[in-house]
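Sending over a structure as structure tokens; questions will come in a sec.
As written, the chain order gives the labels A, B and C, with residue 1 at the start of each chain.
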Amino acid sequence: MFNLINTVKEKNPLVAHYTNNVTINDCANITLAIGASPLMSFSYEEVDDIVSAASSVVINIGTMNSEYIELFIKAGKSANKYNKPVILDPVGVFATKARMELTNRLLNEVKFDVVKGNISEIKFIGGFNVKGKGVDSFDDGSDATDIVKRVAQKLESIVVATGKVDIITDGKSTYKVNNGTQKLKGITGTGCMTASLIGSFMACTENKLQAATMGTLAMSLCGELSDKEDMSLGSFKVKLMDNIYTLDVGTLNKHAKVNFIS
Amino acid sequence: MFNLINTVKEKNPLVAHYTNNVTINDCANITLAIGASPLMSFSYEEVDDIVSAASSVVINIGTMNSEYIELFIKAGKSANKYNKPVILDPVGVFATKARMELTNRLLNEVKFDVVKGNISEIKFIGGFNVKGKGVDSFDDGSDATDIVKRVAQKLESIVVATGKVDIITDGKSTYKVNNGTQKLKGITGTGCMTASLIGSFMACTENKLQAATMGTLAMSLCGELSDKEDMSLGSFKVKLMDNIYTLDVGTLNKHAKVNFIS
Amino acid sequence: MFNLINTVKEKNPLVAHYTNNVTINDCANITLAIGASPLMSFSYEEVDDIVSAASSVVINIGTMNSEYIELFIKAGKSANKYNKPVILDPVGVFATKARMELTNRLLNEVKFDVVKGNISEIKFIGGFNVKGKGVDSFDDGSDATDIVKRVAQKLESIVVATGKVDIITDGKSTYKVNNGTQKLKGITGTGCMTASLIGSFMACTENKLQAATMGTLAMSLCGELSDKEDMSLGSFKVKLMDNIYTLDVGTLNKHAKVNFIS
């Protein structure tokens, strides 16, 4: 599975993003750093041109508003039409009614290959009671594997729930990523960037569960490797991008802590 | 007052932002770095959900356009309705008629707790002749304390005027911050980020004048500490975020140059 | 020509941007770093106020959508009306029909002083067959000087085509910049930032070909100087901004590789 890091660089897939205004620059840069090509659009007119040319599509509702609802729906449907892997990042779905309704519409009208959120977002989508502040997760650290599997079964898609342990499951098989650092919550956009990384890997293998795991692992592992004792947040973000760019099979073999539960 | 830096980290307040597209990422990151939680929105639909959950609200007109005018008004009124501290950053109010009209509407329809601008913006709002280039301040270095106090009396709110010396006043009592560096004008968004910091502190004390001072001081002091002889602008911005994250009572006691004039 | 780096810092020209949401922060920061003042706007209402006050205008279609089409047209026409230098960056013009149509309208309704793109974008505008992925260039390394000159003649404007060698021509005289590094394609926005730099220099000389060359050279040279053996992408971007800020006549004299072909 780790060899997919080379496939991304060989294939240089085009990852189309319909995303938010807060972290859009970071998403573009991390897509480049992992070896793929980003394309960001807010245009109804070019959905067909872009999605048909793309290798995968990422939809992120972080700064959704009414004028983008139909755009996101159209982009998702277009991804389905052209048979492109499509990833949903339902940022802060638990925070407002508007986000909940948009997420419901997206889940009903688009067939997503991967739904990625923090553990609060995933639990909320599964119909569980959740606590969260703003768009941030409340992670009590308890094992949520069974809950996440049930959400995956309900959605009939791969679900990625990030947290102290990242859970990636299709409802049957599950990968758990034990890498990470609290500092990843100290900068904005690490969740959004994880979706970009998943999109980058999705174009490189038929094994979508492994692709989703690799994207999640890349972020958690590079975060961990970037977090030194004396590393403050500005430098941490720079180092994170550095480590994504230099991530290779050797580093993955040496440091990745991934369990597979079939 | 310096102990408020600990209160922010304990309370982790949610700071809602209705802000511009240029510096939105920096505002989110500095809010995280000081120990609060940012939430950025451009959605009419979720104003009530967001403002009612927020600890404070920041409104920044930096890339205002006609479609956001009603959004900003709605967010400000909602902050008043839910009794949440609300901060206005009238970026470049002197630069265009559209910004002037929006600022007038905001000041008339919303009761702001803090109006923060560079000295040119504050003078303009107070009805004085000002010079400025684009959205940047013209600061001739003369003592503007009396002028800023009169603006605060007129607006019946705390006014923060940033410049060589930062002036924070409610029209009666005044704090003056003598920390800072010219390099803060060399990167975009330090003014916007100051409003985010003020928003972070506003949720942590009843003493709004001190909260506004702490937010202003955090930026000016961390800027000063980040400006070493051989520090160029890219590295300066990284270091600034580093210093905001590590700012503590000890550093404030050692380096803060604040005068209080009752 | 290299002395223009000093003129920018003396004049501190105001560079108005009508640009995309992905790289808008980087464009503002690089404009500051070179010594000019950025102003970013998305507002129809303030076009006249802004363009009349600006020293130059940059129009970048990177995240164009239907609501911004008339804004870009209006900004371009206003630049012509007030006789301000205006630069077009037709990001990804070859990627979608919507971008092609907008670019056609802009080129027909506005008289641009400079059209800047990667070599694929410039060839496409000239009516040549091009390959590109997303908004990125396919550069086969062959000498495109004649092609770019023909595009400049057709457009009756200066054309800047960035690539392994950057070509800057008014259709008669040509500058070629042989500085650069592949890493500039590894971060998003280096093309957009080049347009900001060109805008900064355009306000400082009647010799528009030299201004366009200086903006292009600043990016390619500072990129080259920032690319050390062990420099990863996050650090590279920080160093790039550092080098733009410290760029001076001495560095230009020592490292610039520019040919002039009259």
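The definition used in the following text is that a contact is a pair of C-beta atoms (placed from the backbone, for glycine too) under 8 Å apart; a residue touches a chain by one contact, two chains touch by 3 or more.
Labels paired with UniProt names: A, B, C = Hydroxyethylthiazole kinase.
The model shown is predicted, which means the values in this text are computed figures rather than measured ones.
Q: Same or different for chain B and chain C, where same means more than half of the interface numbers show up on both copies?
A: different
Q: What rotation angle superposes the Cα atoms of chain A onto chain B, in degrees to the nearest 5?
A: Nearest-5 rotation angle for the superposition: 120 degrees.
Q: Distance-wise, how many Å sit between the C-alpha centres of chain B and chain C, to the nearest whole number?
A: Distance between chain centres: 32 Å.
Q: At which residue positions does chain B touch at least two other chains?
A: Residue numbers touching two or more other chains: 21, 25, 67, 237-238.
Q: Considering only the defined contacts, which chain B positions touch chain A in the complex?
A: 12, 14, 16, 21, 24-25, 28-29, 32-33, 37-46, 49-50, 53-54, 67, 237-246
Q: Give every residue of chain B touching chain C within the complex, in rising order.
A: 20-23, 25-26, 62-67, 92, 95-99, 133-136, 185-189, 232-235, 237-238
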